[in-house]
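Next come two complexes built around subunit A: one with subunit B, the other with subunit C.
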Partner chain A sequence: MAKEDKNRFLVQYGEAVGTIAAQSLGEPGTQMILRTFHYAGVESTMSTSGLPRIVELVDAKKKPTTPITYIYLDKDIAKSFEKADEMIRKISEVTMSSVVRRVDENFAKGKIRLILSSQEIEAARITPKSVASKISKDFGFETKVDGRIIEIKIGTRDPKKVRSERVRIMNSVISGIDGAGKVTLRQDDKTKEFYLVAAGSDIESLIDIQGVDSTRIITNDVFAIYRLFGVEAARNSIVSELAKTLDEQRIGVSRRHLSLIADAMTARGNIKGVGRHGLSGEKGSVLARAAYEETIKHLVHAAVYGEIDHMNGVTENVLIGKQVPVGTGTVKLAIRKEDLSRTAKKK
Partner chain B sequence: MKTEAINHIKFGVMNPEYVKALGVVKLTVPDTYNEDGYPIDGGLLDQRLGVIDPGLICKTCGARAKSCPGHFGRIELVRPAIHSEFGKTLYMILQSTCRNCNKLLLNDESIAKYGGGKPIDPDALVADGEEGATEVKSVMLKRLKDIKRCERCGTQKKKLKFSLPTYFYVDDYKLKPNEIRDMVSKVSNDDLEILGVDAENARPEWLIIDILLVPPVNVRPSITLESGERSEDELTHKLVDIMRINQRLEQNLNAGAPQIIIDDLWELLQYHVTTYFNNETSNIPPARHRSGRALKTLTQRLKGKEGRFRYNLSGKRVNYSARTVISVDPNVDIDEVGVPFAIASKLTVPFYITEWNIEHAKKMLMSTDYPAVLNVISKDGKRKRVIETNKEEILKELAAGDVMERQLVDGDIVLFNRQPSLHRMSIMAHKAKVLPGKTFRINLCVAAPYNADFDGDEMNLHVPQTLEARAEAKILMMSSHQVFSPREGNVIIGTEQDGITGAYEMTAEGNYVTKEEAVYLLALAGVYELPKEAKNGMYMARDVFSMLLPEGLNFETETKKGHVKIKDGKLVEGRLDNGTIGRGGNQLFMKIRADYGFEELKKFIYRSSKMVDAYVTLMGFSLGVKEYVNDQRLVKDRERMLNETMEKIKKLIVDYNDGKLEALVGYTLKSSLERMIIAELNLVRDMAGKDILKAKADMKENNTAMNMVSSGARGNILNVVQMMMFLGQQATISGGRINRGYATRRALPHILPGDLSPKGRGFITTSFYGGLDPIDLFMHAVGSRGSEIYKALLTARSGYLYRRLSNALQDYYVDVDYSVRDASNNLIETQYGGDMIDPMYTKINDIE
Partner chain C sequence: MAKNEITHVYLNGRDIGTVEDPVKFVNEIRGARRAGVISGEINVALYAKQHFININSDRGRVRKPYVIIENSKSKLTPDLIEKLNSKEINFNYLFRNGIVEYLDAEEEENALVAFKEKDITEKHTHLEVDIASIFGFTVATSPYAEHNSIARHAMLANFIKQAQGLYAINFNQRFDSRAYLLFYPQVPIVNTVPYRKTNIQKHPSGQNLVVALSTYYGYNMQDAVVLNRAAVERGVGRSLFYKTYSDEERRYPGGQRDRLKVPPPTAEGYMGEHFYSKLSDDGIIEPEMDVEEGDVLIGKVSPPRFLEESMGPSGIEEKVRDDSTVLKTGETGIVDSVMITESPGATKLVKIRVRGLRIPENGDKFASRHGQKGVTSLIVPPEDMPFTESGVIPDLLLNPHSVPSRMTFGHLLEELAGKAGAVSGRTIDGTAFAEDGVDRMSEYGRMLEEKGFDKYGEEEMYDGITGMKFKAKVFTGVVYYNRLYHMVSNKMQVRSRGKVQILTHQPTEGKARQGALRFGEMERDTLIGYGASLLLKERLLDQSDKTTVLVCKQCGNIGYYDHIKRANICPIDKGSDFVEVEMSYAFKVLLDEIKSLHIMPRMKITE
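Coming up: the complex of A and B.
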């Protein structure tokens, strides 16, 4: 296209781009439903996808339902299976309850006996000995290892104490990074490079680990990105997560709509959801808020605090029957009084 | 009367003085009508509150029912009641002030620390790291709540217990409303302002009600039942309750009843006032109708989907509209809509009379031909219906400035809409075309943007009434200008289904039509010249089609079926398919729009879709069971492919059971097996598709089902596989294979417990043509049921997502500098989309 022609394709002044963006995301929502029937079972991904994921993003949920972090490794170890595997041992979060097959409490002796699952400890790349020493270190209990059996001396016979210690021990993290989640190893088909996938999103801790390439760590947790990198990065993450989810469903939505939604959510320097606790609940207009949700709450608040509705938005003006201030409604015609009388005279 | 547009609205609490002045009638009798059926003076339907029966005269303003706006009355409560919605506000004020010195519990120094005595600006936010920003106010309020001693006079703060909605206790003593009023009325305006309260317009003592405002009868009209019995509005019932208790309380007070009885009645009065305002107040049992249904009181009238705000104010009923069933008509243009005569003769378009067109107007008024004038609205707004007998009289009075309402004629701009209106193409402008019949007629090509079909769908039609509205509709909303979706810039109005088959065949190499056929096809499209003759009186079908292409069009693109080339307005290479004549990323339409504009594009879509439909009709095109009958080769292929896959999977399962299977990286052994099996099953499905394509291509015989798949008219190869070969894996909502039903993790008793084989887990090896066995049928039903439930659940969620999004973003518009602004003029984006390009045109740019 010739350069001078570009003007023909610019947005028009006043265009209600917000509404168009909302429609562009809202309209295919119904299509996502139908698609599942045709495409389900083809490739099941571990993470939340489709409409639930979109809702989660747009709502600005503090934690994604299925946090995932892709961790790429430093170039020198990325090609080595052993070294990548070693990284898993370092990172993967293993809770006691996930490796224990059976727990026995001996209240009379004040002892707890753990029987570890050989399969699980192997998968977690730990040994009974390391588990036992971890318990001694974290809780200060005396431990005895016999094969896969660990005996812990609690030092009291109070059944209540023993039981509460059992819960604490079972919930404790015995290996890896708290918040990293379970980490698995993957291999890139093209580059043959090994990388890690963690079912957690604690990128603040992960990024500093030796061997992790800090420039190539990607998470789907928008708030984790916001905390570590700030609001601009979070904005980009919202856009790319929305785009990724839509692409998976093979729904084409222009990035302009997605970035407008992300910009709206982050325009105030933090992340706001679109619902009644976010953008809609913080609108300047009392009437617009009252017409949306929690009608009475907003009217009462407005009365006590003497709010003024300046009638600048769409909803308010629809309510009172005035022209809406978007699109052609943004344009106003003014005429000078003198000019008016001049035309009258001419006649 | 002088009228002004509303500039702004300020909210506040009503001053008792004002309430007293506004409530023109003091109501004393807790009843409505006397025995004679007349409204009781001082009763709830006192004629001074306004009248609703036609013919009666309002005793306050002297106007009749139509022009009397209604007047408020008042009930003077003998003991005050707290306005239940403001309990929290009162609590906040009581918590924050000292009972001894009646000042704020903080001294000036502390107040300054929390942002001073300035009114709270909603934008005055303090960035507070992780949890986002917190208002200064809320930090201060928390401090005020926790403070133990007045910082000014040092008085110990007494613990105040508050329980929703209106109960306040100090040391187990329940505070009476008047005691609360005494406390809050001592707090100064200045102190209240620091708390953010607009003291000038919302003194806290006003929140305790002595005089209850009674809405006019217009707000709570009584209705007369068929039996002649009167039935009162629910609000009236509630007010009667309040007045009754009020009267009883007064009698008991006068009689000097014991305090405990007084307190009980007072409590009851408070209950009625609370439920009068909000019958869904938490911790309060709702007041009920005789039938046991909860009453709808003031709050219920306002809130929710059926409340005043959303039902009556955000959405309004309109005149000048029509609704009926829709049907197709290929002779109706893309930007036309066929309107049944019965509707067109009722709908009207205003005709504004000026001194220049008055002669024409008079002629129109007197004419007996179709567009008759139905009404005349004179300058002073009086509307007169035109009938045979008063025509002459109206004619005499007709003057410039009057408006005539004439019937709808061909070419009038109307808006056409189908719900749910999910995107802007759900409402488009069309030119009316008055037709016989009883349905709205549209071109098949515009069904897609409306998401309409013709199995009984109904649509709405609106006639814009002002010149501005008509102009805007014509310039911005015409369906011919909505060919591209603003969602991604794809074509959304294009040839559909059989038309694509027609275009695909018509533009195929070596298809010829006779001269008669060529003339027929071209005349349909309104072309009255013939292309160059190809051979012995025959014409190439493709050349006939080329006649519709805009003159001088040059265009090239790659389709699934190869290269398409249009040179100088003539198709010289390739066949048109879904990608070049249908919906989607149609580059041909984009090229025409870019080079020739929307009018030419509309012409092309309309004429070409009509011609290719006619061609496919001429040619004949039918789909039957025969398309899905397998020949020997395909039967053998199917056997072989399924056997191979089953063998492979059997081996996987054996390996798994023997512990020989190696887990995939990152998966447990069990899920590895599951993934490997699913991968095999997907593979065989894809292989089957490729096999069918290949076999059909080798056979050279014309298979209409395959034809539709390859032209993109309808269906894909997966559908063909399901009909000819096997249905494949049926999925559950969770995406995995079917594995539940019985405790032994099997779906049916016919399956062995723990069976991992494809058949046992919902892989169907039979086809629609061959028929399903009972187990397969069951598995298929599992899949269908799952998707049906999923659909129902997600429709609701998706609808709510759309509502929230559109509500949050609706104020955003593009400013003159291409920045995006919201209603409060906040900057949302510095440059729309980063490049200012309208997404509707983003795919056009790809052309060159």
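Coming up: the complex of A and C.
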């Protein structure tokens, strides 16, 4: 009984699984354009969702439009608000420009004066003193702190040099991990555990930080996962990211279709998109490639290198008008001569 | 941001300078405009938060008039209104004297407009000339627009443009390429002020129909409507369809020209004697002649396409080609009018207007003025229609389910008002926002009760087929319906086999070419997904552009059968070992085109 059931759910030989997977993801996509959900909330937690996110994943974009990393913490830190909050200061990426309210350049004296925003430095959990010492450490300039004002001695009166140093200082990261983005603290509703959400995806450096639970760090950046953990992990990430995006919109697509798409994208050991530069552009058949995009490019290549089309795919057989090798087209009727004569004898 | 931020001023998008006090600056411009010092076509918009001012004086801006409010008082005083009414002054006087001004979309953002005079507070800057003016023309002509949802307004604005009616009084003199003319257009019982004030009243485009909100044995499911046959025979929706065919005698380089005449049987493409039988001696059809598809309307012969053919075999007779104008497939009618004149190029120009009767039939489209459209699904004999106690048989049955979800309460209100107007013999005003404290609905109820009808417009009804009384009362009234120009007789088309394109040997596309429906890429994918490989092959090959070619076994090139040698020939290696291969003609064309680029595609055939 159980065996019967199991066989019933198996995919039959010759089933056009790829076409069905494509249709199963493509059809809901047409509905998604019409209704895009917007959630009210903090800007940094707003991630790309809906059709744009699906397109991004399926096209294998190198960097997601809105990278997000969920960082879970070691048990003792995760329970305490203070310790978790301390982690933010350690990780959250703060650039100089985000805490500076006003910059004055004094070309005559070769000095730059920064006025910090008290609100911003409090939010970033830093002090003017720490900022000043960071500057002198990173750039080797002499600094003087007076309240919220930091005076930097560049040591030259060349306006060009002063201006370029100003740009460098303003773009520098004064606190946290470069590439981690802005980090916010969250609490899990069920386990009451504190965790961090970063608007960056530099998991390579995040994973080594003291206090971060290296077994529980989740990002939506498929390529970051591929670089750190390999192609199998990236495949799983594609499936789960697709599923998550579809679930957000309450669109039910079977995980089997998604995993087939992810399999096809990662089958060669790296991540390939489905478009012209990926799966479709690497088909074996000249005619199938020419029927898709860049017809002339593929025909010229075939002519120059003498390519042979073995007519094994679907598109090329539709093109010439042969029975396609899917479904009922996968089986052929074969009769041996001996069998024919045997039935004749019986009569 | 600092308070003393500098404000940039842009004139028609060009940065022309800065001001320090933007509010004062803008008010100065507006004051000058109202005083007539600068042109009234100038608009100025202040973007206070973004710190810039846009002054626009260029063309193409949509502008709307507003009454100016000064010191919380409308500048359009009762005194001025009286002068307007006595025609002492006109609208332009108000505009010139700074009582009314035009705002464009940008300046409107700076204004606070009061709907009515009594709404004015000290914050208001302008007063709406009339509240109904927030609508466009089409919506303004629809009654009770304030009771309908905005989505329906968008639809009705389109439907009104598609309505058949009396589009022009001189329709008989006009040769429009397509025209629709309603037989008995009526002015709506329920109309609006903009409707009455414009010429549209002289060109009505619909009829007042008795409508019952009732189902009819499932025939008016979804948006279908059921029509009363007696009403159709009395002229509901009956219309004429005019179509103009034209042709001219063109001149060609080399002194050749077309000739309008009955083509001689020797002409190339001669269709057969009886197709030309309706033409008179000059090769042009006569008025009031019955015509059907395939009939020639204008006989014309043209010189051959290529010069060397112009001489006949004997060298004496000029060889010509039949280039007559034929009535399109699926059309019938009567020749309404024939016009012979001269074109701007000084050639003989003939225009023939064919008229056809369009009696409403199943599949024709109707719509009320509330975005409620429907397609006729059944035309019922009057004896089978439901009837009221007083014996009234509705003209049209609308499914009651079409109202709640679309939120077109205006439709119901019009139905009630129309009924009240019909029984008391007068038209009723349904201008949007005209209510102003008056309960219009109970007013209509009172009018109905006066004549002995139910005040809610409901009627006891009986089923025309069984004679049984309906359990529920049916809401019945009079609604103005438009017949839209989408009619089946102009759209219907069938094909099982037919013409194919020359290049690809695939079926033609489109109604005008007797075309087939496209079995496209997505349809192809559904068959692949289902695994129906033989059905797919049948659709895409056997029923499309199947062809058999000879493929040379040695070189893989396409060969041919030589009728003189009575043998298969391969043009490349002159071999004779061939396989017959079925393939799509489009693929053969592809191979031919690749060959034309000096690239040799070869086919390897295995058994």
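FYI, the second predicted complex is superposed on the first by the 318 of 347 C-alpha atoms of A that agree within 3 Å, B and C clash if a C-alpha of one lies under 4 Å from a C-alpha of the other, contacts with A are read in each partner's own complex, and residues count from 1 in each chain.
Here is the rule we go by: a residue touches a chain if its C-beta (ideal position, glycine included) is under 8 Å from a C-beta of that chain, and two chains touch if they have at least 3 such contacts.
Owing to the predicted nature of the structure, the values given are computational and were not obtained by experimental measurement.
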Discussion item. With both complexes superposed on chain A, which partner does A:184 reach: first (subunit B), second (subunit C), both or neither?
Written reply: first
Discussion item. Tell me the contact category for A:327 with respect to subunit B and subunit C: first, second, both or neither.
Written reply: both
Worksheet item: Touch check for A:91: first (subunit B), second (subunit C), both, or neither?
Response: neither
Discussion item. Output check: A:303 vs subunit B and subunit C. Expected answer is one of first, second, both, neither. What do you get?
Written reply: both
Discussion item. Between subunit B and subunit C, whom does A:9 touch in the aligned arrangement: first, second, both, or neither?
Written reply: first
Worksheet item: In the superposed arrangement, which partner chain does A:197 touch: subunit B (first), subunit C (second), both, or neither?
Response: first
Discussion item. After the superposition on A, what does A:78 contact: first (subunit B), second (subunit C), both or neither?
Written reply: neither
Worksheet item: Of subunit B and subunit C, which one contacts the greater number of residues in subunit A?
Response: B
Practice prompt. Please work out whether A:319 is in contact with subunit B alone, subunit C alone, both, or neither, and reply first, second, both or neither.
Written response: both
Practice prompt. Kindly list the residues of subunit A that each of subunit B and subunit C touches, one partner per complex.
Written response: 14-16, 19-20, 22-23, 299, 303, 308, 314, 318-320, 322, 325-328
Fill in: Contact footprint of subunit A on subunit B as seen in their complex
5-13, 85-86, 89, 120, 122, 125, 127, 130, 132-133, 196-198, 200-202, 278, 299, 302-304, 307, 309-310, 313-314, 422-424, 472, 476, 486-490, 594, 665-667, 678, 682, 718, 729-737, 783, 787, 790-791, 794-795, 797-799, 801-802, 804-816, 818, 820, 822-829, 832-834, 836-839, 841-842, 844-845, 847-848
Worksheet item: In the complex of these two chains, what residues of subunit C are touching subunit A?
Response: 524-526, 528-534, 536-537, 540-541, 545-546, 582-584, 586-587, 594, 597, 599, 604
Worksheet entry | Parts of subunit A lying in touch with subunit B, wherever the complex brings them together | 1, 5, 8-30, 32-34, 36-38, 40-42, 44, 51-52, 54-55, 58, 184-187, 197, 227, 252-257, 259-261, 263-264, 267-272, 274-275, 278-280, 282-288, 290-292, 295-296, 299-300, 302-315, 318-320, 322, 325-328, 330
Response to the item:
Per the touch rule above, subunit A residues touching subunit C in the complex are 14-16, 19-20, 22-23, 299, 303, 308, 314, 318-329
